[in-house]
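In structure tokens below, several structures.
The same subunit A turns up in both complexes below, where it pairs with subunit B and then with subunit C.
What follows is the complex of A and B.
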């Protein structure tokens, strides 16, 4: 059985009489332990799907199921221990006035978990940050270090599913590789399921077992990593997307 | 001493307590480098000391009248700032008046900004009809001239310090609510709020723990800038007979009683006026310095 099922989901934003269909009738499923990628240009609705799973975007049709159960709305605290998200911009996703310690211990406090001292130290170690960073503020860290903190925060509640919204697009190339390797390692160690959004096929190729190409809010083509590596795509849009980043993927 | 300093300045503290104390130490170092803020801190410190020690350091009883000694100019031995129209020592009255001023400031500072912050952040965070109701309420309070509304409240509740404070607090919160709401609107859609919401945090935790700290600096600056106005409104209420009652040595009351002699015996109104001026200046300087200290981003790298 699939862990995440997106079943004919549409997301429509309504504002001041205007309707914007961000996602239209998209379906896919992600198996337990799998890493699934959503690719497409900006505005294709890929991030909106992640936000819809988290209850931050209005689902107007279809259902989202986690572990076979339709998600309640509002999501409730059980959802937080199952699904967590890493945001795109590590400069915006950490509270500027909270120390790393506060940021990491907040989810523990919310869920009444004990032993937060030891858990925070362990979490920093898990994402490869020295314990001396614990009481620093986000502005004292680099982009890559911040994203590590954001990953550590997402893992504090030991979720099964990690939603990754372009987790490396705000970072420069060398740091990107480090963060992607960290994510792969954590997935292996903890048996996490990834649902990852990116516009960068190279990143998706590095990280994902299966991918879904999206355009204008619709699913265009679903393929496996092998298909991608051997350029076996059937639709012209997926082909053009591949051509645009082919040189980097081969390197 | 040096080991304590090393402990406080340890770049990688080992416990939350050490980290917090270390941050306080850094804040202290930062404010100490800001000369104007230190000046403000010294003035406010002196106000606190004078208020606390008034019965021991005041040379005369502030209430005892001595009509043979009335309207003595400053510099008179024993009465260095002169005497008022009842022959009371102005220096002693200013010293005792510091207590009343401090009492009013403290009460207003803990009520109005807190109320304004809560209304503003709740309004901005929830939006929709909550926002509409709370903001219209704020508009109503803003539409009244402050002193008039304070007058109306005191007229209903009766004169006295506590009621004057209540009236001032009730008229002072709307600007704080506006400031807090504007900041909350920019904060509530940010990723870090989305992240903590995703972790299952409820609205009270998000508002108090995540939104309020972002609004605090601008509110604190407003509070310190408003302190002069608060002292003056308290004085105005006293002048109209609706605030602090004579013979209490409240500074505003002293100014209004000295108004009659302003041209011949200038010191009766000027001395308490100087006290208000210096204390207001102190609060303003301190507020400016606090803003720099409260923002960790301005910390030295």
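What follows is the complex of A and C.
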């Protein structure tokens, strides 16, 4: 069954009397337990789709449904325990004057969950950070360390759906491997559903069952993972992405 | 010809829990070439780049036996001399582009500010130059982006604005910290070719910090591999993918591949002597 349905969705920003059509008539659906990838041109609307699901972008047409139900606006308090997002920009998404401890324990406090201390330590361990990092501030961390905190925060409330915007592009190969392994393990153990954006087709191929290629606000081509590896794309744009990723192929 | 010479660079943060040695004795020299810096997260790549510009805020401090840029000792330069170098002769594309851009100023104002104030260009000329710079980095609607604020840009657009801004003053040295991590592969190729041209035709020196080992192998001339604040290996970029050092090898082996197996990716084995 489809857990997430994006049904003919358009997003239009209005800035200074100018319209920016960030997403135009895009449809796709993600099954429960599936991992679905969004790839494509920089500025093509990938992050906007994730933000639209969270109620943070002006949807001007179409419907977004989770579990068959259209999402209410505003999203309501239950949404955060169901859907969490890891943002593309780890620095901007962490409060600069809150310690890591506060960043991680706040969602627990808001939702009245106990054992905050133990959960924070566990969450840091899950993303491979030492417990001492609890008392640091974001500016005291490297880029990759901040991104791991952002992932840890998204996991605090044990959501069913994770929206992952470039979750590993700030990470080195070893931490990327650890984070991808962690995400895969959690998906398996907790039956999570992923909608993830990445520019790295090797990451997408490793993590996703199906892929949507986007360009300039529009859906260009949807394909299965096997089709990607076998170069069975039909549109020139998807082909150009694939060709430019030749250094990521097996063998 | 040497553009930058760094000897025994150290960056230390004095924190409540004791000193954190972010960079521990890094030495390298750079000609008019593309030098890659790779290494795991937290290994000191960004702090090395920022130290060259003396952009380390207290409680961080910089020590070095020498840090010479075009014959000028950066360790002894006054704050005023450093400000004159920054942006103009040495540019840095920051790892967090949106954080580094001014959130309450339009992209156009930020791009033209230096041109008007420093180079004394009129509004028209400055805007034309800024528009051309945005077009060069493949921004689809440069006119709209000129009027936009940073929060109205996508991740990769912010990165490209940052690159455009750093390239406008035609620096002699560009330190680019993960400059293309948010770009799709085709736009990335265009941006890299701009950087490449500046190195080959204008003789710019480029320090290219990146996690993307395959990209660095393709794009750079030489690579420094960093681990825990030290350079553990220096090699020619075209040999990076065949590196023998167990740490570099370990990083390479962690990478997923298109069509590769789905099981857990190998983790970096840190039990080797190199890790001590």
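As a working rule, the second predicted complex is superposed on the first by the 242 of 251 C-alpha atoms of A that agree within 3 Å, B and C clash if a C-alpha of one lies under 4 Å from a C-alpha of the other, contacts with A are read in each partner's own complex, and residues count from 1 in each chain.
Going forward, contacts are C-beta pairs under 8 Å (C-beta built on N, C-alpha and C of every residue); 3 or more make two chains touch, one makes a residue touch a chain.
Predicted model only: the values in this text are computed from it and were never measured.
**Q** For subunit A, which side has the bigger count of touched residues, subunit B or subunit C?
**A** For subunit A, the partner with the higher number of touched residues is C.
**Q** On the A-aligned overlay, A:177 touches which partner chain: subunit B = first, subunit C = second, or both, or neither?
**A** A:177 contacts subunit C only, not subunit B.
**Q** Which partner does A:99 reach: the first (subunit B), the second (subunit C), both, or neither?
**A** A:99 contacts subunit B only, not subunit C.
**Q** Check the residue A:244 against both partner chains and state whether it touches subunit B (first), subunit C (second), both, or neither.
**A** The answer is second: A:244 touches subunit C but not subunit B.
**Q** Now for A:137: first (subunit B), second (subunit C), both, or neither, which partner does it touch?
**A** It touches subunit B, and subunit C stays clear.
**Q** Quick check for you: in the superposed arrangement, does A:89 touch first (subunit B), second (subunit C), both or neither?
**A** Both: A:89 reaches subunit B and subunit C.
**Q** In the superposed arrangement, does A:47 touch subunit B (first), subunit C (second), both or neither?
**A** In the superposition, A:47 contacts subunit C only.
**Q** Is A:17 in contact with subunit B, with subunit C, with both, or with neither (first, second, both, neither)?
**A** neither
**Q** Counting contacts the way the document defines them, which residues of subunit A are shared by the two interfaces, the one with subunit B and the one with subunit C?
**A** Residues 88-89, 92, 132, 135, 140 of subunit A touch both subunit B and subunit C.
**Q** Which part of subunit A faces subunit C closely enough to touch in the complex?
**A** Those in contact with subunit C are residues 13, 15-16, 18, 20, 39-43, 46-48, 88-92, 132, 135, 140-145, 165-166, 169-178, 180-181, 184-185, 199-203, 205-206, 216, 228-230, 240-241, 244-245, 247-251.
**Q** Spell out the part of subunit B that touches subunit A in their complex, as residue ranges.
**A** Result: residues 11-13, 16, 19, 22-23, 190-192, 194-201, 205, 209-210, 213-214, 296-297, 299, 301 of subunit B touch subunit A.
**Q** If you look only at subunit C, which of its residues touch subunit A in the complex?
**A** Contact set of subunit C toward subunit A: 13, 15, 17, 38-43, 46, 95-96, 98-99, 138-140, 144, 147-148, 152-160, 178, 181-189, 211-215, 217-218, 250-252, 254-260, 262, 264-268.
**Q** Which subunit A residues qualify as touching subunit B in the complex?
**A** Spelled out, the residues of subunit A in touch with subunit B are 54, 56, 76-77, 79-81, 83-85, 87-89, 92-99, 101, 106-107, 110-111, 117, 130-135, 137, 139-140, 150, 153, 156-157.
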